[in-house]
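So, here's a batch of structures to check.
Both complexes below contain subunit A, partnered by subunit B and then by subunit C.
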Partner chain A sequence: MKQDTDMNRRRFLGQAAAAAGLTVAPGVMLYEVQARPADQAATSKQRWGMLIDTSKCSTGCTDCVTACKTEHGWGSTETKSNAEQQAQWIRKVKLTDKQTGHVQSLPLMCQHCETPPCVDVCPTGASMKRADGIVLVDKHICIGCRYCMMACPYKARSFIHEPLMNQKPHAPRGMGTVESCTLCVHRVDNDGIPACVESCNAKGHKAMYFGDLHDPNSEISKRLKEFGGEQIRADLGLNTGVRYQGL
Partner chain B sequence: MKAIRYQEIQGNSFGYFALLGILGLIVAAGGLAAFYMEHNGHWVTGMTNQVVWGMPHVFAIFLIVAASGALNVASISSVFGKKQYKPLAPLSAFLSICLLLGGLTILVLDLGQPDRLIVAMTIYNFKSIFAWNMILYNGFIAIVAVYIWFMLEKRMNKYSKYAGFAAFFWRLILTTGTGSIFGFLVARQAYDAAIMAPMFIIMSFAYGLAIFILVMMAAYNWSGRELGDATVRRMKNLLGVFVGAVLYFTLVYHLTNLYATEHHGVEAFMLRDGGIYTTLFWWGWVVIGGVLPLALLYGPTGDNRSAIGLASVLVILGGLATIYVIVIGGQAYPLEMFPGKIVESSFFDGGVKAYSPTLAETLLGIGGFALALIMVALVVKVLRVLPESMSDAIADPHYKAEK
Partner chain C sequence: MYLPRYIKQLVGILGVSLLLALPLTSQAGDLLPSIPKGKGDKCVEPTADMRINHMEYILHQRDDTMRRGIRTSKHSLKECIECHNAPAKDGKVARVGNKEHFCSSCHIYSAVKVDCFECHTDKPENAQYRHAVKGNH
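Moving on, here comes the complex of A and B:
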């Protein structure tokens, strides 16, 4: 059965890779890595991560969310589900300090933990973490039990409550399974960066950085070294791949 | 003690068929409800991405928890060597399997992809307590089945004690496993408590015994067989102890939570500001499921069978309320991601989540319950599990009615 699982995973990732070749905005080079040949598995040489500078993220802006919707095709596909049932892979959160009234804004999505609770609890292993740190759901073996959603401290996952049509080939989705941010694995595997980061930078906000946390020379590592970066719910010790500045 | 004679119930009365008919209708309604939800998708339910487990899970977890407790009578006879419980041990074991199957059926039918059950049965992630539970549940059914066989088959009687031991330990692990489903959800304030697992064990004792008492009284009453006071009174006392213990654990659970500052928010929510969850906690969990049954069992009505039956019904209703508060209330309370901040988003962060169960979900839950009961009704008809008489003279010759 193990073999089957692997097959399924490969099929899923294969579909993801097929639609890749999507263009990365010219001039956006926030990372320096070699593209991994398609026949090679992801390795732990890299650990993909993201850094979000909350001071640059403005309250009204939803460019990253829009980019994610366009990229993966969520947001308008669910017509029967109510607002609380519709999927959201990434959302903007507004924080107001109870004491000072200071307002902050930040995007929140799957934090791609090093020790993800969703992977621990998933009975079938559909929730998985790739060697390079990207946390994914294999929709072929997800039974839709939603235990991972119960376990996620960030409410990053969505369950699909109705039949879906016209999905993007690189983002298979389906009724009765769970989904969440893939860190745009189909782009990353082809030397690209996630759609949200690309859009945030293209629009000139420059609040999001993507790169290899294991490479000390990547921009994200340098920034983390210089300015630090906090984890949401650091108390849980999950060592998240997504970090925030100015929380 | 005289030899116990086991005998199938005749099961050809109008009442028996009416019982089967009513239960069958409820099961059918539950099945239709499940089909309707699976066919359309979960948008037709009250469940959302905010409250992901709903009414089906309340019933399923209740039944699974109660299943382990229903084995009490068998365990007491074989593990603790109390002879008086022995005659009813087979019924207790069967009831336990039936309740477990009822609960699991609900769980499976509520999956987003129930047709992938085969995946769940063949691919295990051994880190997942859910996967462990699947092994625990299957193992439980197998062990209890062997245990029943040893009890009912004369040649094997001598081994039944060992099987009883195995079943006893297995059920303790099983309930711990069920309780641990919540224990692993450290991110959720309401579940972040070590006392969860032992509390589930004691709840299982109470709920399982309450169901057992009702099934036993119904089986004997409706088949016109004799059920002596000795047996009823013994069960009643036991139920009282378990109900009291549930109340005690509830107290400890909240006291320890109140001690830890980080849990003050969720405590205030459950005990004071939680609306429906606060109501269900005080009225359902504490009053209906605890105080009233205790009053009925130990008050002046204590020897009255109707009062004992009513107390058992109340324990079951209170138990459902308890699980509702734990499962749904625990999700309704917002995840605390940003302490000290007011949190707002398009994904309903920060606020208390609403959940209103739909008819279909509730029917699925009740249908699972009815499925368990219909299986029991059939078992006592086709197999010899019910002693022909449980009169005091047979069950407990030394028993003397108190004045």
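Moving on, here comes the complex of A and C:
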């Protein structure tokens, strides 16, 4: 079959490109070569995911939250909203074990579920999962009913209550629509990594990893295979794209 | 109201021709839109085509980008703004709602409400942004 031949050829080219990628030591790649041309749609060959090592995530550090605010322009823009109404794409959560007093800290955002409850309940199709697993709100057809906010077990979504100005060109946001973590889809489509992961690594914390869960050779897949990764509310069976270690 | 596409285009062409012809008359005054010039040599489609069909192009690109992750720049609203809402010489950028804004200049005149800028920004991210449109890219 021609399609199979093409697939094999593509895979070979991909491996050849990976071999030609920047290598600092055997098996250690500085970045993964997986460019998708701008005119091609995202496919289910990839599933983007994130891994958070809670043992390296310190209480009080909010570098990931700050990076997200800067990247997408939320937080300081909703001046008329009260604290409960203000947007929150990512937040730091502190867990204290009452028995032992052990404290853990972790960032919580949209978990990019394989079977997202927000998509199930959306009456218009605005709440959607892209082919590569990124869960998004299509604000063009969002009617602001907020069913998805009620359905999300992670309280990951926010509703904009007031008119906004001066949005970032890559992050349109507006009154009457729901929004949440986009896994920095504009960066991912450009072969980048989410702003929170970039900031966490750049500041030397190295608590966050981003990559393709379908690629067994990606760093995130290798780490998940070796050390495992827990889902928050695994009992719901949502198969989240964001996994945690050390919970 | 449903009208065949060619009728719509004909009405559009007549409308545009009228707009172009009117400035030649002495009574034109300040009522007519003064459309700011884009930065490149030419637009991504012929000007007459863009005047009639720009909303179709943007709508199509919107779904491709949002739902499928296709990020070509040819018909993207972001690129429209980058090219057509250039900052003035004093560095000021026209905001939507002012007649100086490329989109608003016509939309205010024709009283057609445009919703894009409820969510999308109405100005380029980088005020110094410059690029030339090269043919049909």
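What we mean here is this: the second predicted complex is superposed on the first by the 215 of 247 C-alpha atoms of A that agree within 3 Å, B and C clash if a C-alpha of one lies under 4 Å from a C-alpha of the other, contacts with A are read in each partner's own complex, and residues count from 1 in each chain.
The working rule: contacts are C-beta pairs under 8 Å (C-beta built on N, C-alpha and C of every residue); 3 or more make two chains touch, one makes a residue touch a chain.
None of the values given here were measured: they were computed from a predicted structure.
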Three-chain arrangement built on subunit A, subunit B and subunit C clash or fit: fit
Subunit B versus subunit C as contact partner of A:A87, first or second or both or neither: first
Touched partner set for A:R130, first subunit B, second subunit C, both or neither: second
Which superposed partner A:T177 touches (first subunit B, second subunit C, both, neither): both
Touching partner for A:S44 - first (subunit B), second (subunit C), both, neither: neither
Which of subunit B and subunit C A:Q167 touches, first, second, both or neither: second
Partner chain in contact with A:D138 - subunit B first, subunit C second, else both or neither: second
Partner with the higher number of touched subunit A residues, subunit C or subunit B: B
Which superposed partner A:K98 touches (first subunit B, second subunit C, both, neither): first
First, second, both or neither for A:V185, with subunit B first and subunit C second: second
Partner chain in contact with A:T70 - subunit B first, subunit C second, else both or neither: neither
Where subunit B and subunit C come nearest after superposition, their Cα distance in Å: 11
Shared subunit A contacts, counted only where both subunit B and subunit C touch the same residue: 163, 175-177
Residue ranges of subunit B touching subunit A (in the complex, touch as defined): 38, 40-43, 45, 47-50, 52-53, 111-114, 116-117, 119-120, 122-125, 127-131, 134, 181, 184-188, 331, 335, 337-338, 340-349, 353-354
Residues on subunit C engaged by subunit A in the complex (per definition of touch): 62-64, 66-73, 78, 81, 118-121, 123-125
Residue ranges of subunit A touching subunit C (in the complex, touch as defined): 36, 38-42, 128, 130-132, 136, 138-140, 163-170, 172-177, 185-186, 189-190
Subunit A - residues contacting subunit B, complex: 1-2, 4-5, 78, 80-82, 84-88, 91-99, 104, 108, 117, 119-125, 141-147, 149-155, 157-163, 175-178, 232-233, 236, 247
